[in-house]
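Below you'll find a set of structures to go through.
Shared between the two complexes below is chain A, which has chain B as its partner in the first and chain C in the second.
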Partner chain A sequence: MRAVDIFIQQILNGLSIASVITLIAVGVTLIFGLTGIINFAHGEFLMIGGIVTWLAVSAGLSFPLAVVLAILAVGLMGYVLERGIFRFTLERPTNGFIVSLGLIVVLQHVVVLFWNPNQKSIPRPLTTVWDVGGVRIASVRVMVILITVAVVALSFRMITTSRYGRALRASVEDRDTAALMGIPVRRYITGVFVLGSALAGLGGALLIALFPITPFIGGTMVMKGFAVALIGGLGNIYGAVAAGLILGIVEGFSAGYGFSQWTDAYSFVLMILVLLFRPHGLFGGTSGPRMAS
Partner chain B sequence: MSEGSTPQGKHPTHSVAPALRSLVPVLVVLTLIALVPLLSPSNRFLSLAISAGINVIALYGLSVLFGQTGILSMGHAALVGVGAYTAAILARDFGVGFWLALPVAALTSAVFAMIVGIPSLRVGGHHFVIMTFAFGQLLAIVLTNGGDYTGAATGLDMVGPVNLFGADMGDLTRYYLMVVAFVAVAAVASWAIINSSYGRTLRAIRENEKLAASLGINVGRHKIGAFVVSGVFAGISGVLLANFLGHISPTQFASFPSIYLALMVMIGGARLITGPLAGGILVAFLPEVLNLDPVQSRIVYGVCLIAVILLLPDGLIAGIAAFVRKVFTAKSKERQRQENGVVSNPSEARR
Partner chain C sequence: MKTVLKMGASAAFCLGALAHPACAEDNIVKIGVVAAESGSFVSAGHTLPAGVGLAVKQINDAGGIKVGGKTYKLEMVKRDDRTDIATAIAATQELVRDVKVQAIFGSETHDFTLAMAKITQPAKVIHFAGNSTLAKILTPDSVKPGGEDHYLFQSEPQEFQRSGSTARGVLTLLEPLLGYKPKKSVMIVGNDATGQFLSSYYFKALKAEGQDVPDIIFYPPDTTDFSPFLTRAKSLNPDIIHFWYNGDSTLTALPQALELGAAKSYFLFGVDPGIWKEKALTADVPVAMSCVPVCWGESSNPKAKAYFDAYFAAGAPHGVTSSVSLLYHDYVHFLAEAWEKAGSFDPDKTVEALLSIHHQGVVSDDLTFNPTHQVTHATEVCAAAPGGDISCSMQQPPAEAPKS
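What follows is the complex of A and B.
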């Protein structure tokens, strides 16, 4: 293989990792940036999405159906947890954060309890590998990238141009005035939380299509999600996508060129630097959550 | 003991005597715990108690940081790890023994806390928590990639016995007693901080950062100071841990152990001097008492943590105390009413 081919290969691998990270980051940026809920269990939501996909595929369902099931299951879980738990922490975000730490522990170990702590994988939903001028392109990676692009574009449109998106942004800007205008702010908070959770469910389904996962995958993934969300600017989907791309490609290259043991460190270092020098993110955000305060 | 229950705020000169009272329950409990070896407990009990005690020492540091200053750190286990690795590397490379390793490790952890604290505390509120979490993970990655120097993923073995006045502390019972003594020192130290003017400064920062700053308190420096103090506790806890386990590895000090430390301090109650002790003991012994396997017990912790935060935000001990106080005042009120010949009204008596 020529150096150029390896290079293109790494970009592609990086892009598919970036897709999953972007899906988490968009969820985090929406939930943390717009509602102020710091849900560190978001990575576990992703893990549950992967586990649901694994269960569904193992039960003989087709992969697309399993993905839909994962999205629905994690979306429903998000709804239940927001109504049952996070709703009561809106006034004190730190409590919400601590509660989410408890949720991490509970969700991880419930999965371990029922389905053991070992790695879980599904057969690749698409096995074709295209050979384009010496570059081997796995179709499953292309599928992951395309699904992510479509879903993120849809969310972006929903947040920026739709009526609901405008109402949502009004609620972030000034909660009381928005409420006076007849916008059901609380219901929007639930809606954003469910949307973010569903995206995590999708991310989990796509992740298990690429790699085997363990019940403990959530920890590193959520840190990357928060890193990307903070680098891109909270509440800024565009920023999350850009930062997710940067991080995914950096990680892809580092893994491809023999520094794989440091891949997890980049996101942390990058996030620490951005928080120090550009606390509003590289692309500008809501400058921290306001809706809940 | 937070404000209100002790008159320290109003009468700083007379504050020692009533404040001393808050230390009594802890010392009584610790004395009882120190007498346990007379009942010839099993080795399993002693090991569990030693790990609980080592955690409690770290928790007293965390309670100064979180309970008094209101800063939540998700990297406390990393500071414990710095202490543990310092002790192990000192023993391996320089043959440094336990007693010299203690102050050196405490200093290293404090310096590390300062290095992490200075940039992290510049970013406010929730972002700080995320920063400490990231630093904790980074430390685990660095230790894993440290090659032979840090023993990579397998970690390091601790060499050399612990001696006290010529007596070998390798014996479980003796190590147990030593840890209990260290816990007592940690409790007294944390009590002294809480009841000093420094403690009051920290609480002022916790209650209202802007107001504290406008009173001329250097908020940034005191926050870093509290973080450094918590590092000293963590470093000492790390040395004890390394010597007790005989082997340390990076995963012991990543962010999940930090989460468990935060969980313990919150279940016990971060603002009370009894809180860390109660939290550490509860979390260590609850699974034994309820006969749970590790997976089940973690689920129980998680559920407990969520329940404590939603229902008893000041921790279990404070919650129980408040409940007892409520029941007693209700009863005494009712008695008063009956003595006064008023027909007791249950809805009023409950108030």
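What follows is the complex of A and C.
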């Protein structure tokens, strides 16, 4: 295999890595950046999305239907948890953070209790592999990249141009004033949390289409999601996409050409440098909403 | 009068052996297990109580053990270390000081075992752990009477033995399936303490078998997307890619390797052919697998089927590493035999007996501990042909470590 083919293959690998990380990062950036809720259990939301997909496919449903179920189930779970737990922590984000750490353990072990700790996988929804001049392109990876692009574009449009998005951004700037202007801030927070959760559900469904998952997969994913969200700028979907791409390519190339065992470390070194020199991220973002009583 | 004498003798026996709570609790001997029944190591961790529990049941169903003229039943007391070393230490302290177990099995993790041994050894509690990495501390000095690890036993072969038998088995089984003698190997290894330790031995074992090994590619332990690592391996044009050592990671990596066409054949360490069949895995190239130490899905070991039938019937799930249970199951029987031979639960006499017995286990008809408290036995290696046929063979370990 020629060096140039290996190089192109590594770029494609990087794009694929970037897809799922970007999906989770968009969820993190929306929830953390726009509502101030630091939900470290977001990775477990992704894991639940994968488990729902696995259950649905195992029950004989088609993959597209399983994806829809995963989005709905995790979105519903997000609604219940936001209304039942996180809304009581809005004025004390540290409490929300601690609650989310507890949720990690609870969600992992609920899954272990009912469906054991072993790996879960589904048959690949697409099995074709194209060989283009020695470069192998798996159709399932192309599917994941395309779905991510479409969903992220839709979310971006919604946040930047819709009436809902404008109201949401206004409430990030100043909750009290937004509320006085008639914006139902609390309801919008719930809406963002549900949207972010649903994106994690989608991420989980796409993840299990690519790789087997375990109940413990959330931790790694959420760390990268937070890294990408912070590098891109909190609340900035464009930033999350760009940072996801940067991180995917960096990871792909470091594993392919550098010290492969440090692959994860590069992401976090990059995050630390960005936070030191550009505290609002590479592409600018919120510092989280201003907390007001 | 006879009864009074018997009662007096019994009381004297127990008073003289206050350190041995078996007497105090209705002829029950307690055996502790510390393992990850939750957390990220649960896949291997749950096999420990399953294997020990099965052996305890088998021994009790057969009437218990006879020690010093009395019959005792065994009781397993298990603690979940939650894949957390502090929890493992606390659990060991509780089992040793409060529950007063006679022996401890676990953990499946090297670092945890070392920390546990700091508690079990001063307390003179017999301790079995299936970590080949214990070779680092089990030395002639440390295991001699009075030594700091005198009561610690390694129930997995030394790593040069396991790596040696595995490398030989993989190359032997893959050669006819490839149709030529493989010459170039690349290793892809999880980058943690165990991965680094194991790969250093396996690298030497492959070199000793004449393999050219141009690269060992380490990946972060939680990796799910292996494509960049596999692309790097593919650029080296290997005959075999050897995946070490986490079975779950290996099962994640293999389909990606097949998609990329990364090598002409593969070896999956610690993946049982049973999982290969259950997951209906297929490959268009030969794939070798190895079990620690005997496979449950397909085995050339005549005792394996009966063992795993009983193991799964007891409720243990079919797992990638179910066979790890044998690194503990056999040694409960071994220990029971040692207690019977010693005629006592005295830990020093038990160690003497353990070192003198040739035990008939599932893994081997001749399990023995060497002078540094390490066991030796064969490792099972299997290979799946592209058509799906699986063949297995027990590979005996090399007599000596390869010269580096």
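Everything below uses one rule, namely that the second predicted complex is superposed on the first by the 284 of 293 C-alpha atoms of A that agree within 3 Å, B and C clash if a C-alpha of one lies under 4 Å from a C-alpha of the other, contacts with A are read in each partner's own complex, and residues count from 1 in each chain.
Going forward, a contact is a pair of C-beta atoms (placed from the backbone, for glycine too) under 8 Å apart; a residue touches a chain by one contact, two chains touch by 3 or more.
Only a predicted model underlies this, so the values are computations on that prediction, with no experimental measurement involved.
Of the two partner chains, chain B and chain C are each touched by A:Asp264.
When both complexes are overlaid on chain A, the residue A:Leu230 reaches chain B alone and has no touch with chain C. Judged by the touch definition given at the top, the superposed model places A:Val99 against chain B, while chain C stays out of reach. In the superposed model, A:Ser16 makes contact with chain C only, not with chain B. Contacts of A:Gly219 after superposition: both chain B and chain C are touched. Shared-chain residue A:Phe211: touches chain C; no touch with chain B. In the superposition on chain A, A:His109 makes contact with both chain B and chain C. Once the two complexes are overlaid on the shared chain, A:Phe283 sits clear of chain B and of chain C alike.
Comparing the two interfaces of chain A, the one with chain B and the one with chain C have residues 108-109, 112, 219-220, 261, 264 in common.
Per the touch definition, chain A reaches chain C in the complex via residues 1, 3, 6, 9-10, 13-14, 16-17, 108-109, 112, 116-119, 121, 124, 129, 136, 138, 207, 210-214, 216-217, 219-220, 251-257, 260-261, 263-264.
Against chain B, in their complex, chain A makes its touches with residues 38, 40, 85, 88-89, 93-95, 97-99, 101-106, 108-110, 112-113, 219-220, 223, 226-227, 230, 261-262, 264-265, 268-269, 271-272, 275-276, 279, 288-289.
Residue ranges on chain C touching chain A, taken from their complex, read 38-40, 42-43, 46, 191, 217-220, 222-225, 227-229, 231-232, 234-235, 237, 248, 251-252, 255-256, 259-261, 279, 317, 319-320. Put simply, chain B touches chain A in their complex at residues 72, 119, 122-123, 125-127, 129-131, 133-135, 137-138, 141-142, 144-145, 255-256, 259, 262-263, 266, 295-296, 298-299, 301-306, 309-310, 313.
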